Amino acid sequence: MPRTCRLHPFTVLALAAAATATTVAAGRWWLSVAVLLACLLLAAWARRARRLAGLAAAILAPAFGSQLLIHSMADTAGGHVLAAAGPLRITAEGLATAGALGLRTGVLVVAGLLCTLLVDRHDLVAAVDLSPAPPQLGYLLAATLLLLPALEQRQRAIGQAQLLRGATPGGGPRGWFRRVRLRSVPLVLGALQDAADRSAHLAARGFPAAGPHTRLREVPDSAAQRRVRRIALACIVLGPVAVLAPTWAGAA
Amino acid sequence: MSPNLILPETATGHPLRRRMLAAAGALLLAGTYTALVLTQPTGLVDGLGQAVALATFAAYLVAALLLLAAVLPELPVSTLTLIPVALALNIVLGQFVGSVMVPLYLDSLGTVLVGFLAGRRAGAATGVLGTLIWSLFNPTVLPFAAGAALVGFLAGTAARFGALRRPYLAPVAGLAAGVLVGVLSAPVAAFVFGGTSGVGTGALVAAFRSMGDSLLSAVTKQALISDPGDKAIVFLVAALLIYALPRRLSAGFAFVRRHNVLGSRGSK
Amino acid sequence: MSTGPNRVLGLELARFRYSGASRDTLSGINLSLAPGSLTVVLGNSGSGKSTLGAVLAGMLPRHDGDALDATLHLAGQRIHHRPGAAVRIDPVGWARQVGLLPQDARHYLSGVRATVAEELALGLENAGVPRAQMHRRIAALADRLELHALLERDPAQLSGGQERLVALAALALDAPAVLVLDEPLAGLDAAVAARICELLDRLRSGGTALVLLARAVDRLAAGADTVLALREGSCHELDTAVPADAAPVAPAVRRAPGTRDEVLLGFSGVGIGYPGSARPVVEGLELTVRAGECVGLAGPNGSGKTTVLKAAAGLLCPSAGQVRGKSLAAGTVGLLLQNPSDQLFERTVAREVAFGLPRRGPAAARIPAVLDSLGLREHAQAHPYELPASSRRLVALATVLVREPEVLLLDEPTEALDADGLALLHAALAAVLDRGGAVLLATHDEAFMAATAHRVHRMGPAVAARVRDRTGGPG
């Protein structure tokens, strides 16, 4: 059973944003690695370390591959040539650049995914509803997250129905196009019709709220958390400035 | 006191404030893009590189959020219930397409659908929202929110000027939109991530780089190769889906009726 | 019929036409509702009763394209709609006076809240009611309607009947003067239907005027003050409470099973499970279906009826035992799924039925006859989604029948069918049996089962409720 923290979702998000911004600005490999490890430890505490690692790897592997190709294989500037073949040059500088970029992307991805795993969906929606954001935002967020499993299920049902009717699209681009059509037309039609049917009832229930609105759900919060959030928000701007200002001063 | 049964004739709200927000977002986007193209910062991982990465990330994200804040309050409920459906379709159909091994993203299908049915503002809002929600599963897409907004905006604009009245016009509009979106999004890929999200596109960029291009122009060229084709197909598929809609449903959208989006196809 | 000051809602409707439609959906309807009254509007699928409900609830006309010529009297105000100059209705203000429970309660529920209590509170939240007051009002509502057991449940896990209860409760929270109910008892088993009736009785005795939209006179409609019959959008009042032709009379198609002994479909020791669930949904199933025979599958939700039908159609592979039969190998098995919209994807009914058939084959030549036999000829060029629910179900049936299946498999075939549709279904079944085919059907509808099935196979109780998630519905 995964553990969740009883923190305000914005506290988690603000902390993650502050940590990411400062780490990216610092650009020190040991700091990035430390942040990555801290994220993994937190995920382990929440019993989702494996999930975090899997999700992050699926995004990072192709991105890192791309960075390696671009910077280490085709580096034009570096002096320490490790290998060269025609226009391809592998240099130490290029590898270092690719590594630094990979760590930067890694911190962003792992910290962001950790937030998704730690934050309760319904708490996040309630927090957005109670924030000064437009009242429509919370509904859009919630509806999309809840529609996803429903649509995937319908997609399977449609696939079965078409199998029954002997819909065999065949191969090649024409077959692919036919398949996209057969799958998507009933799905889109059904989903749009459903959306049209719902909208009148949502409007009748006062959505979107014209004035101030409230939520029955209580989002865990405290004075300490609010303070932490303010500090974290300040850090998102001040952290990078503090780290980078000396380099600018040195360069000037 | 007698209850309110009828809406007042004049719409409430602050149109001026919203227009200011939209203008601020567009200006921020244009300013950041121009600054990046003019200065072409070379260092990616030194002190300046970190600052450029963070600033680009923040500026593109903030611009997208400003556009969203400007547009969201004026969308009718029928559009608001359409948007989550479109976003979920982005993801579900994107997965389906991915599973048949065709090298396209098609992850903007829902955004284009909303643009076609509900206009450019709704399309832009869908693009930003879709990116925000998709970022819960993949945080690297966050700074591409501005590009997604542009896709929705251009889809709505194309529909308004008749791109759906003939089936062959939709992919042409898609091609044009793909060029603009590719150019706009290239600096994010170049300066924030220093690369692309896939190995195939990365190889393309590496090839351009080895021929002596700068990183930004290499990434821009790569985007100009993959984006227009992708958007052309997305626009075409979205147009065909809309032709398949029953009349009562498509005519329910004020945008479709006002601008005669479907032309003679809609009045059959 | 009451008029004058003692009415909460009055409607004088000359005509209503949807944007782009070629004929009026409603014409010449007058209604006047007294507090605590029950008005029943009877009509077949497509008669316009849902449209009438939406007009009463202020949800139509949607825009200037819909042409409504009507005058409404509500809460001491007179609202005058003219075609091309519809009044813009405030949906919230109107809903405080007239609530509408749609046929599918899921359209009413937002589906974005974690608990039933939060779902109930949605309207209050949007009105900015303070949290303490919301808690108080929801507790009071739960007391009044005996809903405490549901309050902390996840709305996504409710049964169809519970969804309707929750939607009704959410409607009752605002205490509107009028409630319009679109077939509130359709598809519910007796116990849940009794619960809904009890709830409605309470609302009615509290002074709420109820408008019931129904296909046939049911237990709720029996206590009506006024009964209106709606046909093709126009309305005539009936003096007698129950019209003679409103109750569907199923023609008996059951006849002696064919004498041919040929086994078209047979299950021997079949077990079917889904990956990820510990126990199989179906175990040790023994069942044979012979030519000329109609067999019914009965059993509670989750007992695996849909699973058996899918296995018979070759969609699922049994994990134990075998499914055999000549038809299975020949591919002449046709399955009508429960949700017709999963099966439909073409732009017109004619193209839909012709889908996947060789253009010059014998099956394509049968299309006009099949459309005729199901009363769909006039709809041949219509979009399947624009047809009333009953006709849409028949279109799905037509796509199956056009292939002349030897074994016809039906999953809840009577759902959404009106009296005419039911008669057409009976005739279609008889035709399949007459030409030496067989029918295997799963249904909750006992009357239909008794009228059609030669014998009934009873499935065991629900084995694993969690399987429901995977099969996408009651199985």
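To keep things simple, chains are lettered A, B and C as they appear, and every chain counts its residues starting from 1.
The working rule: a residue touches a chain if its C-beta (ideal position, glycine included) is under 8 Å from a C-beta of that chain, and two chains touch if they have at least 3 such contacts.
Only a predicted model underlies this, so the values are computations on that prediction, with no experimental measurement involved.
Q: Given which chains touch which, is the overall layout a line, a ring, a star, complete, or other?
A: complete
Q: Have a look at A-C versus B-C and report the one with more C-beta pairs in contact.
A: The comparison resolves to A-C.
Q: With centres defined as the mean C-alpha position, give me the chain A-chain B separation in Å.
A: 17
Q: Where the centres are mean C-alpha positions, what is the separation of chain A from chain C, in Å?
A: Taking the mean C-alpha position of each chain, the two centres sit 40 Å apart.
Q: Can you tell me which residues of chain A touch two or more of the remaining chains?
A: Those would be 139, 143, 181, 185, 189, 193-194, 198, 200, 202-203, 207-208.
Q: Hunt down the residues of chain B that sit against at least two other chains at once, touch-wise.
A: In chain B, the residues touching two or more other chains are 244, 246, 249, 252.
Q: Which residues does chain C have that touch at least 2 chains other than itself?
A: Those would be 58, 62, 92, 94, 345, 385.
Q: Quick one: in the complex, what on chain C touches chain A?
A: The contact residues of chain C facing chain A are 54, 57-59, 62, 91-92, 94-95, 99-100, 102, 104, 107-108, 110-114, 117-118, 121-131, 134-135, 138, 156, 170, 310, 313, 315, 331, 334-335, 337, 339, 341-345, 355-356, 385, 399, 472.
Q: Quick check on the complex: what are the chain B residues that touch chain C?
A: 2-7, 9, 243-244, 246-249, 251-252, 254, 257, 267
Q: Considering the complex alone, what residue numbers of chain A touch chain C?
A: Answer in residue numbers: 122, 125, 129, 135, 139, 142-143, 146, 153-154, 156-158, 160-167, 181-182, 185-186, 189-190, 193-194, 197-198, 200-209, 211-218.
Q: Inside the complex, what are the residues of chain C that reach chain B?
A: 18-21, 58, 62-63, 65, 74-77, 79, 87-90, 92-94, 96-97, 345, 347, 383, 385-386
Q: Inside the complex, what are the residues of chain A that reach chain B?
A: My answer: residues 21, 24-27, 55, 59, 62-63, 65-71, 73-74, 76, 87-88, 96-98, 100-101, 104-105, 108-109, 111-113, 116, 134, 136-137, 139-141, 143-145, 147-148, 150-152, 155, 176, 179-181, 183-185, 187-189, 191-196, 198-200, 202-203, 207-208, 210, 240, 243-244, 247-248, 251.
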